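Next come two complexes built around chain A: one with chain B, the other with chain C.
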Partner chain A sequence: MDLSLSTRSQDDFEVIEVSGEIDVYTAPRLREALVELVSKGHHNLIVDVERVEFLDSTGLGVLVGGLKRVRSHDGSLDIVCTHDRLLKIFRITGLTKVFGIFDSVDAAVASH
Partner chain B sequence: MTGHEPATVTRLSRPDIDITVPADGAYLSVLRTAAAGLAARLDFTLDDIEDLRVAVDEACSILLAQASDGRLRCTFTVSDASLTVAARVPSHDPRPPTQDGFAWTVLTALATKVEVKVVSPSTGGHDLVICLTHARSTDPAS
Partner chain C sequence: MPRTDAPASAVNLCLAADLANVRLARLVSVAVGRLHGIDGPMLDDVRLAVGEACGRAVLIHNDNALPAPVVIDIDGSAEEFSVTVTSQEPVDVEQRRLEVRGSRVEVTANGGLAIPETFALLGGLADEVDVRSDASGTTVQMRWRLPPPAD
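Coming up: the complex of A and B.
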């Protein structure tokens, strides 16, 4: 029910693995994690939401905020997601054209 | 193809379920779960259930931003063809939701019908209400 976050490095990227539910209650923790990574100089991020059971517009707003932060440093923020229930929210809001969305972390890394 | 009876569908004009929770984001999961559980019991499709789960969350998230008191109330009303959820919070200064935001975009995309209104309860003040209806995609009885 809650949100879990873990971070690891892969090649030149920081991968944030998210599990649980991202909503108005939990999204601030994801925001804090993204802000902290950027403040530490990590500007190429991959957010893996494969284990996310629920995502709403608050979560999308946090991801967009993260994208703006890394782009201000010429960085990137890609999404790993294959679940249609989540992809539908990205499509509705037009964000499939804003984020790189990939089937796997390896595919996200290989795209750069 | 026999043996499966759809869950009993009441056909009442009054709310079938009435849930009040603290006006705090921590309780949105309770309302999402209630919406999804009710839709599942009514044999909505999996896609409809997910749509309702998200739509209820978005409506309540919008309301929480304007809540001036500590309660968020959701009523669920079932008809043959749809499930209607009316979410409300007391608000000192009720305003229409921002229609260019992600929350409104998602809510209106996933719900069949969305209405926003301000009502004045007998207890005084104003309640901001978002009423969303999700039509059943398929009739399980057909």
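Coming up: the complex of A and C.
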């Protein structure tokens, strides 16, 4: 399964909806999308991984890289995820303390 | 639930060091895992751990322009399931250090590697992770203990 990305705006946030597999092969495409958004001045991002089937450490690295970029502009990068198989990876790596992880895009927006 | 008639099978994959092949290694490992009755969260762990280990091996082969394939051995019995990923990067054992994409890995006296952050995720996914290195490369073996079959 390939990686699909789509972007939309909600309130003051750019929501990146990701589906498919984020791995060592596909993660560069997500990185490019995040870099492009930040370069266009979008510094409050929400990455929705509800339709992601697989996420590895390369994907996590891309998300952390995105977080660093937006924070350098006083922005934010939140994650929307409810799947245990993905949340486990965030827990193992300690990234649950780094990202805001929410059940829905609305909840992520409301947290700000 | 583990199958009592699970085959004492061994599958050997020799994959070109192409990042696209990491997914193939994941798919085959999951398929063989299912033959051994693995499902649910443990199967997710196998999928992710194999992806991590193979991805690391492929990246190292690419970085070193190694033409040799990355080798994945998948094996199992009624009690245990294991996946071993072997990369063939040059390791200067005399220096007792190995640089893996910026992460320093300590080579221990017996040829094993101390678990660095690179392998921290693997340690959380498999029941046992054994990383060994010698002059011919590095072997990452991941093992999962299978629960006894139900009566």
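Going forward, the second predicted complex is superposed on the first by the 112 of 112 C-alpha atoms of A that agree within 3 Å, B and C clash if a C-alpha of one lies under 4 Å from a C-alpha of the other, contacts with A are read in each partner's own complex, and residues count from 1 in each chain.
The working rule: a contact is a pair of C-beta atoms (placed from the backbone, for glycine too) under 8 Å apart; a residue touches a chain by one contact, two chains touch by 3 or more.
Just so you know, these numbers come straight off a predicted model, no measurement behind them.
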| item | value |
| --- | --- |
| Fit or clash - chain C, chain B, common chain A | clash |
| Touched partner set for A:G61, first chain B, second chain C, both or neither | first |
| Chain B versus chain C as contact partner of A:D74, first or second or both or neither | neither |
| Contact residues common to both interfaces of chain A (with chain B and with chain C) | 21, 23-25, 54, 56-58, 85, 88-89, 92-93 |
| Chain B to chain A touching residues, read off their complex | 24-26, 28-29, 32, 50, 53-54, 57-58, 61, 64, 101-103, 105-106, 109-110 |
| Sites on chain A touched by chain B in the complex | 1, 21, 23-25, 54, 56-58, 60-61, 85, 88-89, 92-93 |
| Chain A partner contacts - residues on chain C that touch it in the complex | 19-20, 22-23, 26, 41, 44, 47-48, 51-52, 55, 58-59, 120-121, 124-125 |
| Chain A - residues contacting chain C, complex | 21, 23-25, 54, 56-58, 84-85, 88-89, 92-93 |
